[in-house]
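Have a look at the structure below, then the notes.
Chain naming follows the written order as A, B, C and D, and within any one chain the residues start at number 1.
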Amino acid sequence: MSGLQALIQDLVIANRILAREDVVDAYGHVSVRHPDNPHRFLIARSLAPLDLDGAPVREDGHKLYLERFIHAAIFAARPDVMAVVHAHAEDTLPFGIAPATKLRPVIHAGSFIGGEVPVWDIADRFGDTNLLVTNIEQARDLASCLGPHNVALMRGHGFASAARSLIEVVRMSVYLPRNARALMRAKQLGGEVKYLSEGEIAARNRGYSPYSTETWRTWEYWATKAGCGHLLTRPDDPPNS
Amino acid sequence: MSGLQALIQDLVIANRILAREDVVDAYGHVSVRHPDNPHRFLIARSLAPLDLDGAPVREDGHKLYLERFIHAAIFAARPDVMAVVHAHAEDTLPFGIAPATKLRPVIHAGSFIGGEVPVWDIADRFGDTNLLVTNIEQARDLASCLGPHNVALMRGHGFASAARSLIEVVRMSVYLPRNARALMRAKQLGGEVKYLSEGEIAARNRGYSPYSTETWRTWEYWATKAGCGHLLTRPDDPPNS
Amino acid sequence: MSGLQALIQDLVIANRILAREDVVDAYGHVSVRHPDNPHRFLIARSLAPLDLDGAPVREDGHKLYLERFIHAAIFAARPDVMAVVHAHAEDTLPFGIAPATKLRPVIHAGSFIGGEVPVWDIADRFGDTNLLVTNIEQARDLASCLGPHNVALMRGHGFASAARSLIEVVRMSVYLPRNARALMRAKQLGGEVKYLSEGEIAARNRGYSPYSTETWRTWEYWATKAGCGHLLTRPDDPPNS
Amino acid sequence: MSGLQALIQDLVIANRILAREDVVDAYGHVSVRHPDNPHRFLIARSLAPLDLDGAPVREDGHKLYLERFIHAAIFAARPDVMAVVHAHAEDTLPFGIAPATKLRPVIHAGSFIGGEVPVWDIADRFGDTNLLVTNIEQARDLASCLGPHNVALMRGHGFASAARSLIEVVRMSVYLPRNARALMRAKQLGGEVKYLSEGEIAARNRGYSPYSTETWRTWEYWATKAGCGHLLTRPDDPPNS
């Protein structure tokens, strides 16, 4: 199988995992930078995750997603980013709506979201909109709010996450709402909340490798749960596993 | 397929989506105004969403739903309304029971509920009842509380929602409890809660079209999830898509 | 089909509904008074709802449930009661553990639990136990706490509910945790909580009939969801429907 | 069937139950001490619960779980312990993150966690780590925090539980998050929270027997729900049932 073909299969897996784990519904998407041309990216084109065929986006008229602007602007602003997710996962929303409480890692698997998760409010620069990112200027503003971080919350809308690989962006997006729930409940219990320290976030990040046994295990587990374990491909003899 | 037949199929889809998305159970319903006679409306007749056959209501005695009064009074009071839902979705209930906290849009998909969601308390005019709307007088009182709005909460009971199309009323009814959850959790986090502004609600509303790509995508996604994707019909060449 | 046989089928349906609606797990049960001998009652004998066979309890040694004491004592103390449920439904537990907040009806379908739900704490009279009701003396104390009410919470354990029919006791037991959730969330919203008034509870109760169209609709809906719609029997020409 | 073979089947059942009841995901595990050699233990080796084959751990290189250190250190420190679970169950996390609120039994089935559940914070002795237990020294520190208790929470990570049998450790691990939820909600209701007394915890513990009718009923119920009821084996004529 060619590298491109394997990547497209991974994109299919990624979208199905995000649907199965309740991160995306009709409106969330995952995209990946083209392996041969860093100025292009691939995004699942189907109308809904249920009907995914993994084909790359083609410019065929009115069926293009508005959300493509979000992905495009992040890939443009961040050469280090290889994969992007935009979704509406329910338990991330309160932190955009009540932004006085910062969403920060409290569980180890939440460390990948990084020490700071900025909140982007489209109204700050664009006033009264329908809250959707409908042009590249708005998307660039979102990307600029994201800056060097891994996740930006979008007030009243959802989030955008960016990472070095599909596996990493999926993992981050699945653990983002779980980390949000753990933090909400810890705050309800009251008393001091122990966030991950900067050193802990850095330690965990240093150990990341997309084909490490630990990372692969989750990917394989989620893909199997999502009914597409048969699509899994893994490079032989991964050097850093 | 005739327009009436297509509408009946849409009514079946609507009821199944509402059941699949946990908006209705044994007692919730969706109705639609008759396309040829604005003085009649159609409502799913089956005893439970699981057994839906999509046939129109016939006056055949004791099996008629009490809830028909709610639908009738809203269609009568609001010539602009083409579809009505009455349901008990669990996460809308707290806002009727503890009405000091207003249910207002905090997420973009919640914008369709409108800037104000009145709470109707049957006890205000009818004293001690079983909380069901059992006659047209009570239903008219509810419709009058709804006024020009899109949704009215019914204290200790559920809600009634009204819209320009089946697709819109289903979408509003599915996002109503989600918006309610996001607001409840945002309030628990504490600090300022950022509601959608009136301008944002208006902007989103202006962009609405039942057959736009964006609206259709959710309808198709939900119908597929609910196991009735094969019943979908879409007008050819929608003018405003 | 004989009356007894129909009742046993209803008992099977009741147990399956309670399992499907997450009211009972391995430990919850429903029982019904014998139609021909008011001094006996029938209880599902299987080890777990999944393996229900609907056979009546036989005294065959060590496999008898401890929980039989609860059912026996309530049937003995309350000649008006025809069916009993004992279960551990999770969302009822907080109200037994933090008894300063009274569990009272806030939603119309919660009205059947009645205006007052006493909390029984086994420690009050029996000191340090394993919290299970292991003899008839403890069960009689619980029945005495229940008194003329429909539901008693058991601190750290669950609840017991009693009603005039299987259909009613199932309905009450399914709506008990839903009413509990609505009340918990309404309290979290803050401000005044509007409970059902005594008059509303009485009005709803007056309208109850086990074979009314409204009551039957839920029973049929839940039985179908629980996969035993084919076991449904309904008396012909119910006099009070 | 030999004792070892039966134990391996029980290990398979245990892992599947923990997956079905949402206690473990890709990363949780259950282990059991070897029946013939107390210095060895068996742990499910598959990459994910979905692919369990129940084979004992073999030292075959890079596929060994890091988590094996946790199990090894607890078996070494606690000769009375026959089975260990390490998992990340979501509703236990808040009590490790906001440790001012102690996780203590409030429901009878939660009594097995014991009167005190210590919280282990890896940072206390090892500073900034990735929060995983990656060597035997860290694991021994966790085991020392666990001390004579049944469960230790691991801050930002999950929990480790230890018991006298597979059945007991599974039961404890399933009820741990349920007890956590009941306590969280009881605290939200406000007022006095009634914890199980020391005497109640002791009374319940005294009555424990792995093959008692009551204990077996849950095991059988959960195994059936998890789709492996056919693997159940039960010693004939259990002496203390």
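Quick note on the criterion: a residue touches a chain if its C-beta (ideal position, glycine included) is under 8 Å from a C-beta of that chain, and two chains touch if they have at least 3 such contacts.
None of these values were measured; they are calculated from a predicted model.
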Centroid comparison with subunit D (C-alpha atoms), farthest chain: B
Relative orientation of copies subunit B and subunit C, as a Cα rotation angle in degrees, nearest 5: 90
Centre distance in Å when subunit A and subunit D are each reduced to the mean of their C-alpha atoms: 32
Chain centre separation (subunit B, subunit D; CA means) in Å: 46
Multi-partner residues of subunit A (at least 2 other chains): 187-188
Interface residues, subunit C side, partner subunit B - complex: 106-109, 111, 178, 181-183, 185-194, 196-197, 199-200, 202-204, 206-207, 213-214, 216-218, 220-222, 224-225, 241
In the complex, subunit A residues that touch subunit B: 25-27, 47-51, 62-63, 66, 88, 90-91, 93-101, 121, 123, 127-132, 155-157, 184, 187-188
